[in-house]
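See the structures that follow.
Each of the next two complexes has chain A plus one other chain: chain B in the first, chain C in the second.
Let's turn to the complex of A and B:
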């Protein structure tokens, strides 16, 4: 995981939505009133009344009829031909994808499927929604609708829902096909079966070629040391049904290991420095990526995680702690031995410290660093030099809270960690759970594109609406959003566009302030306006990072978290509905439908 | 407006199309190969063939790459740049799987941009591999980089550099890195018949079933031999292709094929191979250096020359080129200096002598015996730790387990920081002259009880005897080497000879430290070397190099 999954700040987001939405609404209202007064347009009140009734008295029946009309039109425009492209992509995907048997290999396959779905569905939604209304206006087919007793608000809604329906069908089909494809294509390793099977009264020893790469390797089975050459799994099923059962179990297990859907319980992280004092960050070993910070081995430095919500009913008697630490060596040490760390379970109230057995840090092998903590823990108490035992839930977990201290044991070596790098692993879910949640998030992103596209098409012609929506889509992606956040944030060096231009021309240092003068004051004022504009733009743009975050969860073998990701996607999508609907409606209301 | 009818207009259009087709056909007609290897056909086809710009003339055509380029129309440059930025971002955020896939997509888009191949091949083998902690994982990435360059070489047959870089990874990265001992065994398991099967062979056992990676090493050879083949291929392309090479001075570029044989012999020797095969290996290396590399024609500013020309040959070339013999000799010598030609010639010759092999054998065995005396076979115990435990137990008489609470963790005690008690016990053991463990027990006055059991354990791992033997071996090795260098004085101050001596000395120090006498106060110590030490002057003269060699020595010992 290369991000820290913090819960989505729903209340703050709603407040921000109200502020930005309110500001824009107020601005539009003021401009409308001023323009109306200046141009002498009469009857502002009846118009406002009509607007309100159009908003509030929407007929679901008419909206449904328009939705179905939009859907049928889209199908008639052969939009579903996109499935051919999708099929082609999946037929030849194997050429481009790595066949490596590992979590990394599976990651590539999952990433490919989810990216393919979103890259196909988003452009389709974009083109459909941006060209729908302008085409209707051009062909005058919209006249047949507007002359009926249908409100313009209903037309906007019908368009939005209709295109959303088309997109939904595409996402649904693609996600199911993608899921099946991944189950069949993603390479995994059956680490070998060597078991004894009861066959009537005798016992047979069954061995599969060890290990077996699925789907490349040919199935080879030995029973009691003799090779039983079977042509296929089906052949095995008919010849040796008991062995076939073993084979299927081994396959399922191996596949579950690769296509995992782990459910993490994350905790809060603080560090201890070299004097044993609490600090929010560990050491920086010079890594340009500051996501993780490090603790030195064989020192007072440690990382402390406080977990909440640890209960026996949910997690069972055995607690699974999964880590993904990075290592940093200042000397090679024992090259063929991995660095070692250990966990100490701590009860802060009673001061009980239970050190667990040390373990080798298996760097970058996700899923391989799992420590199972039994309820009854036997440990060696170094202070009294005695073997002791402790009960996990009775003596260490207090009100669902558990503290875990991590130490690096090798002198001169360092362990790097960030908050999501240690978690309590709740029972895994089926892979489908995480995968379809990610697809759900792609579906939500498609809804945003449809809303933006339809809104744009209400006041722009097809090509311009397409460009506008495309700009929203591109600027909402990680690269642009990160940049916008940086530019509008506090840490931006060099000033705004004018200030930085002056500095470039005068060859001033970016960090040195401009000389105090009236011109500088003017430049700064103008830059402030620009900066505020960018700030507003950053909050007006849909943050598509939330949607791609869902895919990142699944690629890394996790279930998609509701509080941090799905909620963010739902909130973002809902947040666009009202503004898009209002802008779309008012734009269509004032649009001259006769003009092509 | 015109007065043409619909049909007439269509005919005009048709005529226009036909007219425009003529230059298109002339320019773009596909070429047909002639018997003399030239191409006749359209103007563009001829130019493409002449300038070697055709996809097929550059190397193997990758269908997936061509398909991708077709789909992207003219945007492949933009797409490749975006992907490259993404790849570097994945590198920074350590998203290795995606990094590799993105690099693959970059080269699918730009399969003939050699800088991408050379940079990423090196990046994968060196930078990414070093980020992984597991030695098997590192090896996987090293191989991945070498395989990447191999693919690049197949797609760009004219580019000699890609093979050369591939040789660098296969030879130097696998053969010389800190992990070389492991890498070489993974690469060529058949070369290590005495090593346990689980320690050698490609770590991807599911795929290679304990053998080498047949994609990189199809014939199961030493990594230096595979590297040599890559260098030879690079040399061949460098000669045949009009692009030459842009890595380094031509003479140095071309020396690597022969030099890798020296690397191989050196590596085998450092791994303890001292039979006839090693002498033969040195002979082959020497032969390749003087007869293969030494007889190549080079054209320098002063004209044609070979690095190993005889006086007659030099004379004849000098006459041909109308320069004096002295001038030609000077040119040859300055060219030789670029690759240290004379040194490697003498060095490989000296190393092929049986007496030099005996030197290496003695010093190697001495070092190994010191190590095995200092470290128990499981790699976790140092002799002084054991000595310390022995003493502690004798004094306190406690019955704590033989293994302390930190079981399983290496006790990082360097030989230079031995505890007094540990060396005291060892000295005591040694001075008693006892060979049998019972005698040692008697000397220590612990003939029964738990301490006796622990001593028996010490005896089983043969600590005492080995350290004593090591000292004698190292001394004998150095004496023999001094004799060898007396007859080949020109390599006496070479890096290799100095390092061998310094390493042996450092090892000697460890043994002397173990046995150093204590004063009555028990604190001051002094080293006790033999009265007449071989290479005493060299040791004094090269003290500046000691810290560097000491670091290498420590690494070699802690890395076991």
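Let's turn to the complex of A and C:
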């Protein structure tokens, strides 16, 4: 994942939804008319009219009755026993997960909890939704419902809402339990607690053992250099009450550091090339993944971020710049020393440049590369060779805009970066905020599975509906979606499916075009149609990447942003509601429930 | 002429296989009329098309040919169900619900208010005698009990048209009698009842009109009395006669050019006998029940014209 939170293109998505939905609706209508003409079905128009009126006249009370029936059915069939499975996982997970005491360790804990919720709720939702209606039809319980004034549309909605309610209960309970479990189980690491406490009239220097692993049975506390070993936190509280308060603060801080919820403010990135001219990309050091561009050390090359929305009310007096750069060394240099870089804060209007102290680039250490910029900045102005001071908000930020220039200081070395690699870190939110947002996204993905399952079960038997929904679920994941995007995009070399197959059979170069002939024209035409089909398939499949993205943000200590992730999840889920409901309703309407 | 509640014209149902090939012609060109306020019976052996007809009327199956009008609407019209109650052949109710929840659920489907649902459920549970089992899940019910709750759900909306598929199936004689009494009660309330059964005695007891189907075709339709009446014979029911009296009767018959065909003691049917025994056992516990031999006899005289 590139951690580049680009805003979700809602308008484009709605347009695509209309195009794909319209195309499918048109195709289905045409096929229906042709089949009706061939089989001699009469009165298609009145039937369609009645079908549409039933579709629109939905009674909320009946839907609620069917929803509650579905919920009660699931509960009485002991679906909620999944909690036992969940509890078992959590009882024994500690054995395997608690070994590593680091931020990485916490990441594993968060990942475990979110994955457990997702992997339990999605299969349950899948099985319930795919088997509910077919079982109802097989046992003929549905006969007693459809012979009442319940419309087929109400049955579809009732089933969807009922299973969604079951899934909601599962997600809600599991997320709360998971959250509490993480709070208690995640290993915290307190490094370098070194404080002074007032003890009566004297001031004592207190040091906890470093690193302090919490929870632990015994604590080593140095007070003015004298080591004290206390048996437990309670023991500490009774023996050294002042130090205990420090200990509790350290605990809370440690927990916040590990279970972080960073809120990044991202900017726009451009580069300066070796002549100091603006360019959209930096150097390519040969990395196949072209996500990051590089700047050479000790040269005119630089990366420039333009941030917007920098204000004191939101960010406070101290501005925190967090970086996650990658290094590329062309020579060993000093192997035990890290590459150095520095930030230059620039007023975008006046061009006032304030260089900050250089810093060592910590690769692969999330959260360690934070530069705190105080409001009053003392700096050395190279042009006038004078020590000066500047006010961050009064002299550098203009209408919330701030420019930050990054330079690599080591000659012959390169620093790689992409847009999300530097951000202004707004005050962290509570971990619960990000965690429950990720759970919300899992809940939304469960809704999609329920909708797909119920829709499939309206015209298929239980096992086939399960298989179909599973295919949707698998193809909607990253690997398949990326492949489909590549196949249907312009980047695919070697032609379409048929053309590339011909090339393989003929041992023809994949990149060279086929010889012009009538056969080639036919092949290309077929490929064009196939490509359109794949395009349609790509847009019909739910993009589950959005949902898993939310979990990835939280696992990596970020908040889940609304515009980039949550909106995408909500839009995707809502986008499936109407098509699933329509297909489910019409499938059930034209289906003989008693067919032999 | 009473209002027509159900009207089918050339109703045909052909079951097809996956490829659309004809598999079974379950119903062939059935034209029927059921009038308001009558009890109509669909008779026939297994596989004759009774249940298919009922399911076509309810919209559970779609006709291959022909038309259906039910309560003035098409069979596929959902709104017709507001006035229909249906008891399926087997108990297809939700087995995880109890009696209260079952009636409440079906009541909700009719958008009946909570208070009315409660009152109606109370009344129906009492009517079908399930007061003691109202909180047990249906999966714990016996077959007879599930038929009873099935009937209660069919009546939750106080329907104008009640469709009963094998209503007495699985019921003991008392339950059968109660069911038949209930059907007659529904008729008295002005409701139309359509029932299909292969238990001919039940149909004979309650139906005004019947239709007999065989292999999906209508063979006979008409009033039960008319269909069963034998116009060539006359039956007299008298108190017990001695031999001389019988001889005199024979002479009278000969004079009128008629012949005495059968002289017999009338018999009751097993259902009547069973119900009487149960009733006497309840009212006089510990006493042996009197048998028909000890009762005063009547004679049945059947005569036919030469």
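We adopt the following convention: the second predicted complex is superposed on the first by the 545 of 596 C-alpha atoms of A that agree within 3 Å, B and C clash if a C-alpha of one lies under 4 Å from a C-alpha of the other, contacts with A are read in each partner's own complex, and residues count from 1 in each chain.
Everything below uses one rule, namely that contacts are C-beta pairs under 8 Å (C-beta built on N, C-alpha and C of every residue); 3 or more make two chains touch, one makes a residue touch a chain.
Source: prediction; values computed, not measured.
Taken together through their common chain A, the two structures put chain B and chain C side by side without a clash. The wider contact with chain A, measured as residues touched, comes from B rather than the other of chain B and chain C.
After the superposition on chain A, the angle chain B-chain A-chain C between C-alpha centres rounds to 130°, nearest 10. In the superposed pair of complexes, A:462 makes contact with neither chain B nor chain C.
Applying the stated contact rule after C-alpha superposition, one finds that A:61 touches chain C and leaves chain B untouched. Residue contacts after overlaying the shared chain place A:77 against chain C, while chain B stays out of touching range. With both structures placed on the common chain, the touch criterion links A:542 to neither chain B nor chain C. When both complexes are overlaid on chain A, the residue A:579 reaches neither chain B nor chain C. Once the two complexes are overlaid on the shared chain, A:380 sits against chain B while remaining clear of chain C.
Of the two partner chains placed by superposition, A:162 touches none, neither chain B nor chain C. Following the chain A superposition, chain B and chain C show a smallest Cα-Cα distance of 24 angstrom.
Residue ranges on chain A touching chain C, taken from their complex, read 39, 50, 54, 59, 61-62, 64-65, 68-69, 72-73, 76-77, 139-141, 143-151, 592-596. Of all residues in chain C, only 15, 20, 23-24, 55, 58-62, 76-79, 81-82, 84, 86, 88, 90, 92-94, 96-97, 101, 105-106, 108-111, 137, 153, 157 touch chain A in the complex they form.
Residues 2, 92, 95-98, 100-101, 104-105, 107-108, 111, 189, 211-213, 288-289, 291, 326-327, 329, 331-340, 358, 361-365, 380, 382, 385, 409, 411 of chain A touch chain B in their complex. Only residues 63-64, 67, 92-98, 100-101, 104-105, 108, 132-135, 137, 178-179, 182, 205-207, 379, 405, 408-410, 412, 555, 558-560 of chain B touch chain A when the two sit together in their complex.
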